[in-house]
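Shared between the two complexes below is chain A, which pairs with chain B and chain C, respectively.
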Partner chain A sequence: MIYVINDIITGALIGLLYALVAMGFVVIYRASKVFNFAQGELVILGGFIVWYTTFELGLDLWLAITLSLLLSALAGYLIERIFLTKLIGESVFSMVMVTVGLLILLRGIVLLLFGPAVRPFPVIFPLKPLFLGEMLIPMNLLIGGLITIVAAVGLSWFFNRTRAGLRMTAVAEDHVVASSMGISVKGSIAFAWVLGAVLSTVGAMIFLSGKSLTFLASEIGFAALPVALFAGLESIGGLILAGVIVGVAQSLATNYLDPLVGGALGTVVPYLIMLGILLVRPTGLFGWRTIERV
Partner chain B sequence: MDPSGIFATSYRADRRLVRTRWQALSLILFIAVLLAAPYLVGPRIVAILNIMYISAVVAVGLQICTGYAGQINLGQAAFMGVGAYTAAILAEKTGLSFLLTIPIAGFAAAVFGFLFGLTAARIKGFYLALTTIAAQFIFHFAVLNLPSSWLGGSNGVTVPPATLFGLRIVSEGAQYYLMLFVAAIMVAGAFGIVRSRFGRAFVAVRDDDVAAGIMGINVAATKANAFLIGAFYAGVGGGLWAYLIRFVGVDQFTLFNSVFFIAMIIVGGMGSIVGALIGVFVIRVIQEIIATVGPNIAESVTFLGGDIVFAGMNVILGGVIALFMILEPKGLMHRWTILKSSYRIWPFPY
Partner chain C sequence: MTMSLKSMRRALLAAGAMALASALPLKAQEETRYNVALLSDFSGPYADIMPILAAGREKVIDWWNATRGAQLGVTLNYKNYETRYDAAQVASLWPGIKSELEPIAVIGLGGPDVAALSERLPEDKIPMFMATAAYGYAWKPDSWIFNPRPTYSHESAGFLYWLRQKRGGDGPIKAAIMASEASPAYVDMAKGLEKYAEEHPDEIELVEVIYTEVQPTDLTAQMRRVARSGADALIIQTNTSIVVAAKRGLQANGADVPIMMSSHNGLPASGKALGGLEQLEGDYEAYGMAIAADEDTPPRQFYQTLSDSYGLKAPWNVVTAMGISQGLFAVTVIEHAIEANGPEGLTGEKVREALFAEPITTEETHGFLPTLSFTPEAPFPLKGLQVNVGSVRDGKIVVEATGAAIPNVEKW
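Coming up: the complex of A and B.
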């Protein structure tokens, strides 16, 4: 029994990590209606920036973290300036395809810059697990979960209660209408990408803390996809619930179903959940139902 | 736009694909060059041409699904994989003739694609892109986790040579003509499909599915059909691939490969069969150049390491997709059409 509870807690915390990465999707979507397939690549880009500032530049940890966040914000800004600004007002297809192109491009650039070698990643959060009686909870995931919740609350407040956040929602609704209302579409999208890149870097810090880093870590982007869809792409608060459900389901499937079927069913479970959700309720748990009129 | 002096006097003449003597002549010349290719160029180029024919079949299928019907499909390589595995297993276990395995491979992929087409009836835009990505993951999972006596697991399946009327196709020349022949049939069929009522329904649904529904088109069925046809083409391409490489493994059909096919139709031009063929040619040539030049660069610039070919492929492919979307969203075919009409109306600007 204690193992089951342990699996559930670990699964929930991993789910919260997915939710943090998924928050990158949602923030960019909420502010610009662009779905960013390259989210996982932003995570490894952030990871390599952290590696570079701590090990190559040999900076103090806190200084390195601050610098990394600034650099990833810059990277997000540059990506938006180079690729996305030109596509304002274009079709969904163009936007999706550009981020798919970006996915491949960023992966190649990271590979060219840093090579396929396995790099160490600095220990940012304490590695020692927290013991509660017989249960043990990974400390980095616990702190990461708290960061996720804080970020979710903060960002929901920002998007739902502040003028700037509501302005961004207007941009996501319709680029042309928003800009004719005097809202800066470019500014809104740029801010979203900066935020998305920073969230991805924080995600990389939690995910990789004390582990090793290769470009294959970008798979987490695809793992976070089902969470984003489950919650519905507009809801930041919903990500927490969706993340926990997907994480727990995956953890239980990995621990109890995998030995039965003899394979990695756990890795596919989030996608099966995603397919089910898309079939039954395409807008997710908390997504907005838009009414299409002729 | 036609050259001056060409007037169609009947509807049939107006809808013809080959309208002038010059067009017929250049088509015949093109076919003659393709037929003579094994005698004109070395075995390496013949091998590249074989790959191009297979890619052409798959990319034309994707063009029908994405370019004509507007259904974003990021899982074309998975559909191709289903076809490749079907053909490989049939050829290995039952020894069926090439004439049977290839259509069956196509149908198997079509059924797999149709399942995702059904979701397409409910969702659109990038949600669809996500389900097709899920198709990609589910395909991988299925192959790697089903008992390895079925699909060979991570070891893959070796494929016996194609048999046709009791003959074994082993020589390079025979293989070349087989690939060329099947690819030619499939491409010709695609021209027919897009001119038929199915093709017109696809375009109507792509341009505005609400309006298409009002006009009496069954939108859900049309979307599912688009996936069915696109996946059928991918399956046939996969079957050819199995016979050409004589080995099928799950790593040959990744998301990366799916993106490759999308890059082909974007570069060539969305909504044009000829565009898809141009895209196949351009992308495969670029790929070949990177594969040839890459190792030399890796030798001279040592700090980059040996993975430069893969990395360079990523950078160029990603860059090409992004740049084309930003600068030339209608693809090379559009540019070619503009060039042609400005030549025909010269010296007038329009």
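Coming up: the complex of A and C.
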């Protein structure tokens, strides 16, 4: 029984990591209605920045982390300025397709700049797990889970209670209307990309702490996709619940159902949950229901 | 227009020289050229090791052209094709490769090449030579794809057989497997050993079979189960990232279960990804090929020849050794085909026939591979199977066992 509880806790914490990566999807979507297919690539870009500042520049870990977050913010800002700012007012489809192009481009840039070698990633969180009697909780995931909850609470407050956050929500509704109301559409979208890139870098630190880094780590972007769609693309708070449900379901399926069916169910379960909820509620569990006047 | 006597004499001399040149059997005109296609992964899961593996096999062909090929009047041209370790990519590239190169042989990389081309190569009559261990799903008669090593399951069974003897005692050795469903080859590695363990419970007791992603999020809980089960060894023949995540999981649990890796995710690559080879102290790599240890062996000497005389830049490690052994395996078979048929009119079919005609001796592969005798029954030699075992002792890779016997693994 203790193993089952342990698997549930670990699964919930992995789900919270997915939720953190999915938060990058959501902040960009909430400000621009753009679904960023390059979210996983933002994670590896952040990961490589952390690796570069710690191992190549040899900076003190905390200085390297601070500099990495600043550089990620700059990268997010530049991505918006170079690729998306000219598309304001154009169809959402065009902007989404740009993110698909961005996925391929970022992967190429990472390969070009850093090469394909598997590299050690700095140990940012303690390697020794927390032991609670017979239970074992990985420290990186535990701290990561706390960071995810704090980030979700903070961002929910920002989007729902602050003027800047509400402006970003208005931008997501309609670029032209928001612009005519005197809201800086460019500024809002740029800020969303900065936030998305910073969240991705934090996600990379939790995901990769003490492990290895290659461009294949971008797969976590797709692992976070069911969490984002399950929660509803506008709901930051909903990501916590969605992350925990998806993580726990995946963990239980991997540990207890995979051996019975010969594997693979653990990787499929998050997508089955996602498809199930989208069939019943296309906007996701906590997504906005749009009321249209006829 | 007039021409001076001097100019006329020069013109006559030049014309005479040209006539003589065309009549003489010049070396360049004697040379027969054949093409070999190299399948590579510079941007997929093996992009980290591909440059040195590719360098190893390419420099062997350069060496062969300059030495054996020059004597036989044959030059082998080669060209790399990027497959991203993806079966769909291999399948889509293949018609272009065939029409562009008209190769007499293909030098493949891994499972996706086998999955994509095993049905096509018999029709096209072009053999493919691999560097890796073989796959259970490709274990069929009349193959056109050939591995110098037995299957991964043979190699892991051979390792466990050796470890059990080393440990002593009558009880079965307890082993755990870590694999991934990201590639059919990874699943195959686990399935073969599972079948062998099922049929030989007195030898191997499989305590855990764990599947994970190619870049796992966290394996602490899984490694706790492995440690608690009392596993004597953890078999990971997938990739470096999984080895790193498993090692971190074991370290987090304060557990010391030795990991066995294969050649493509072996000790140097995994040690580098962990931040130091010393973290793999007591872990193993095992495969049917020479161990790239520090000792002055014939393979090491041949590597040095390639480095000194042919510009090989790759370091002396298992991946370079894998590329060199593959190159030597392929050029030796082609050489046998030339010796049997003459340099003219060589075809893929004749190259394949040469593979069965005579053994590829360990001397011909400079000790990189044992003597290999192929038969049409299987894509790898069925007799005299051996595994070599390397380990990390005091921060250095050492040879633990050479030519350890592989038990009789049945098809799965």
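The definition used in the following text is that the second predicted complex is superposed on the first by the 291 of 294 C-alpha atoms of A that agree within 3 Å, B and C clash if a C-alpha of one lies under 4 Å from a C-alpha of the other, contacts with A are read in each partner's own complex, and residues count from 1 in each chain.
Basically, a residue touches a chain if its C-beta (ideal position, glycine included) is under 8 Å from a C-beta of that chain, and two chains touch if they have at least 3 such contacts.
Here the structure is a predicted model, which is why all the values come from computation and not from measurement.
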Practice item. Could you tell me if A:97 is touching chain B, chain C, both of them or neither one (first, second, both, neither)? Key: first
Exercise for review: Check the residue A:259 against both partner chains and state whether it touches chain B (first), chain C (second), both, or neither.
Suggested key: second
Check your understanding: Now for A:106: first (chain B), second (chain C), both, or neither, which partner does it touch?
Key -> first
Exercise for review: May I ask you to decide whether A:141 touches chain B, chain C, both, or neither, giving the answer as first, second, both or neither?
Suggested key: second
Review point. Can A:278 be said to touch chain B (first), chain C (second), both, or neither?
Key: first
Check your understanding: After superposition on the shared chain, which partner residues are touched by A:60: those of chain B (first), chain C (second), both, or neither?
Key -> neither
Exercise for review: Name the contact category of A:116: first (chain B only), second (chain C only), both, or neither.
Suggested key: both
Practice item. Please work out whether A:86 is in contact with chain B alone, chain C alone, both, or neither, and reply first, second, both or neither. Key: first
Review point. After lining up the shared chain so the two structures overlap, which partner does A:268 touch, if you call chain B first and chain C second: first, second, both or neither?
Key: first
Revision key, fill the gap. Note: overlapping chain A surface for chain B and chain C spans 111, 115-117, 263-264, 267
**Study point:** List of chain A residues in touch with chain C within their complex
**Key:** 3, 6-7, 10, 14, 17, 111, 115-120, 127-129, 136, 138, 140-141, 207, 210-212, 214-217, 219-220, 223, 254, 258-259, 263-264, 266-267
**Study point:** chain B residues touching chain A - in the complex, by the definition given at the top
**Key:** 70, 72, 74, 119, 122-123, 125-127, 129-131, 133-134, 137-138, 141, 144-145, 210-211, 214, 256, 259, 262-263, 266, 304-305, 307-308, 310-322, 325-326, 329
Check your understanding: Can you name the residues of chain C that touch chain A in the complex?
Key -> 42-43, 45, 47-48, 50, 181, 187, 209, 211, 213-218, 220-221, 224-225, 240-241, 244-245, 248, 251-253, 269, 272-275
**Study point:** In the complex with chain B, residue positions of chain A that touch it
**Key:** 35, 37, 83, 86-87, 90, 92-98, 100-109, 111-112, 115-117, 222, 225, 229, 261-265, 267-268, 271, 274-275, 278-279, 282, 292, 294
